[in-house]
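Letters A, B, C, D, E and F mark the chains as written, and numbering starts fresh at 1 in each.
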């Protein structure tokens, strides 16, 4: 029953003009939410939170490092879900959305790696170490890049998307490895300190900016995803009737 | 007459466009089908669809017997000898009553068993491909231009092979351009027509 | 089963008859073994330190090298599309092909590794770990490489992508493997590294054949 | 707000990277869209025969 | 001339579009640069000692690797026989093909050698000698490999022969080259080694194109 | 009539045995020659001899003009687009009056210039091969089964191309099986006969 309604919903969104309108309407709201959350988050991060007694001011890196890390992983999960739907039901809009997740996810992975590395210099005395967490995160970046490259390498965009979706699903195994690497292997990287349920070993005063930034980053992911998907759809369907209609009509925004 | 293969409203898409118009086709035991159409109309694509190599974008396809597909590409390994190629096919698809040597003799390649496949002439390669059909019993034959590069004797050979296969309860669909099969029981034809492009409104 | 066996035997026959690839792994191994002492000078300690890295690099390169020929020739001469004629499990054929890749690129390196280790003065207690790491690791290389080869088969830009896809995935394997051997040389525990590799192997074995089958299917269109 | 200047460069460069990457994510779709629309309009104009040269 | 140029340009285009081979030399180089320190541990002295050997092995492997594709694809799709249609000097075409092999496999290694040397702590006074040895040596690798590829083109047992033919001919080159770099590191004279290599290069340049042309001619029959 | 190519008593040997009987052949400007013979009789071998790809074991061969050879193998690079393939041929053999786009249009491939050659149908590949003859002016055309895989329109296309080439003072030798050329001025034929095996004494 639920499955069916989900499927129907996807099919309705699967119609290119509807999807196009959906993206057009939703994305500005997401951008606005992103802006607001970021401002609040940055305010907390710089004015409210005291420096850590151990890590002093470098702890402020956490407010971008951790949201970016989480989003890099969450973005991958979203992409994998979309890829699954695309492969099973062959809905074109989900194919496109899955593919468009990759560059955004790659961007967040890059942020996580860069900030982590910058943070590591004062904390661990090294920019880089081949430990399990760091290595698996680097692998995530390359998987993202591989997906983008694979998609771009096909002339037939739909075929490219479907092949790349297979890679997406295979690459999914890397996500739990990233997450649990600190528990499975002794690593330089610190273990789990933040819990949503139960006692978090992080001081409560550090939580608000982290939460705000996390939400901000999620909204941004959604907004960028919709923008990119809309572009890609337009570019793929450039010879289709509905695009021409849009162009002839009130002029496309 | 039993249907060995049944396709209804099958289509195939490349780059989001249909290659040919939705097609219905039934291959009955003992009956031959000739697929006609100009270059690039989609005959090969259709045969590959029927063989199960491609997945239809829409429509349904039912096969109730094993399938052999002989395409433009030789599907032979040039480094292996003719006999090794046939032995491999027999083991890969399951051996039948005809062994490799007999199959070679049947298609007029007797004595070439130890020759590496790449040292055959064009027509001999096609004949080796035909021999591959014989070493393993598969009721559905899908042949893409089986007459290409064959001399007159070769064309007659194909006709006799087809008649034998049909008499054994097999079925065959083949595409061809210049030479039409000469079969005692005749054949049905299917004209492939390229899909009209979606109009820009 | 018999189809898988037929394919495996034919692949090995072709490798022997045609492929320089079948000797290349050993060429690499011995190029490395001969050249490294020339550059380093015959100091046993130095050589011992680099031995596992060298042997592993040889294994990786041998594996990478043969990837282009894993599916492409079969694609080009029409043999690959015969896999889908319906009465055979294609995944089985993919497994058989990956197995022959491993037999041709991985096994020779494993077989000659003890000799190479000896020539590079690897301490005996590391040798067994090196062998285990090769046994676990070289199949991973074949599996990952096979997946990448299947994914890129139909692309226009062919295999510029291949190393990009393969490299990030196999480098961790090499890091863990050489880490294990280095740990063994220092009498440290090697469980963690080898366990990780084993986990990767299990993952690869379960995922790759299915994913590669799906990718091939899409690419022969 | 950052009393200890010792680590300021680390913190600021982190936030800087974040800002740059986010900006790029905002900008890229917009730029791509511009190019795409220009292309599409041109194609459209070509097809409907009312081609007007954008650089007169 | 224009036919040679046309062939060269097309070969390079194909290398970019199709061949993973065009990235493989760099993949090798970086596999070596990243993995060796991991296997060896970051001791600058040790790394410096093995650096020239490693870089040279990468160059050799890159060159060997592409040999199978030097003439065989052209042979198989019928392009090669077009070379003999009479109004073109085939030796020129062979030279052009060898040149593109060198451009694709040798030049990237030369270009990235300074970076690799840096990362492996090669002493600066050896770098220039390393570069010179690569400049002289990599064309020799391409020439010798090309001859072997031409000789083995028509054989049934294909390229099991290839490494067997190539290896004994190129190992001396590698020994002279790494010897020269090692000598430079110890501030010893390098003339003798480099001179020998230069002699080999001249020899190869004069002999190989003609011999390869003759071998190809025989093999396309 | 001037002879563009003259072969007298040419033979070719494989493994010490003659492939076909010693052959005389003169190709005159404006004249077409059709080489006939069953599969494996040596037509391809003879054409490759005439083209200079193979060296005759005995006999003499004189060519007084540039030669084009279109064989069973496509001599195309699948990774390159149709236009890139033709551009290469034009630069390699020396460009003529027809550029790549016009040549494509001439053989019925207009609009496929940017398609990689491997994504063509069998007949389209053969047509691309024909286009390769047009981009660079070479008076002697040696065509191995030019009609193979072509539809009826394609066969007519070959005939018109041949007539145009002959009218321009070129010459052509072609092998064929099922379809014979339909030329206003007719053609001479040459029957290739496999050499009799040396008897075991």
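FYI, a residue touches a chain if its C-beta (ideal position, glycine included) is under 8 Å from a C-beta of that chain, and two chains touch if they have at least 3 such contacts.
Just so it is clear, the structure is predicted and the values come from calculations on it, not from any experiment.
Participant: By that same contact rule, can you tell me which chains touch chain A and chain B alike?
Facilitator: Per touch definition, common to chain A and chain B: C.
Participant: Among the other chains, which touch chain D and chain F together?
Facilitator: A chain counts here if it touches both chain D and chain F, and no chain qualifies.
Participant: Which chain's mean C-alpha position is the greatest distance from chain A's?
Facilitator: Between chain A and every other chain, the largest centroid distance is to F.
Participant: Answer with same or different: of all residue numbers used at the interface between chain C and chain E, are over half used by both copies?
Facilitator: Because over half of the interface numbers appear in both copies, chain E and chain C meet with the same residues.
Participant: Quick check: how many Å separate the C-alpha centres of chain C and chain E?
Facilitator: 24
Participant: Go ahead and note the Å separation of the Cα centroids belonging to chain B and chain E.
Facilitator: 45
Participant: CA centre of chain B versus CA centre of chain D: separation in Å?
Facilitator: Averaging C-alpha atoms per chain gives centres 53 Å apart.
Participant: For chain A versus chain D, what separation do you get between their C-alpha means, in angstrom?
Facilitator: Chain centroid spacing, chain A to chain D, equals 18 Å.
Participant: Two or more other chains in contact with one residue: find those residues in chain B.
Facilitator: Residues 14, 72, 79, 200.
Participant: Chain E: which residues touch two or more other chains?
Facilitator: If we look for residues of chain E contacting two or more partner chains, we find 17-18, 38, 156, 158.
Participant: Would you give the residues of chain A that are in contact with at least 2 other chains, written as numbers and ranges?
Facilitator: Residues 130, 155, 244.
Participant: Tell me, which parts of chain C touch chain B in their complex?
Facilitator: Per the touch definition, chain C meets chain B at residues 2-3, 5-7, 10, 13-14, 17-18, 76-79, 81-82, 84-88, 217, 220-221.
Participant: With touch defined as at the start, can you tell me which chain B residues reach chain C in the complex?
Facilitator: Answer in residue numbers: 14, 48, 51-55, 63, 66-69, 71-80, 84, 88, 91-94, 138.
Participant: Please output the residues of chain C touching chain A within their complex, sorted ascending.
Facilitator: Chain C residues touching chain A: 147, 151-152, 154-157, 161, 164-165, 167-169, 172, 175, 192, 196, 203, 207-208, 211, 214-215, 218-219, 221.
Participant: Okay, in this complex, where on chain A does chain D touch?
Facilitator: 31, 46-47, 51, 56-58, 60-61, 64-65, 68, 103-104, 107-108, 110-111, 114-115, 118-119, 121-122, 220, 224, 227-228, 230-231, 234-235, 238, 243-244, 247-248, 252
Participant: Considering the complex alone, what residue numbers of chain A touch chain B?
Facilitator: Interface residues on chain A, with respect to chain B: 92, 155-158, 236, 239-242, 244-245.
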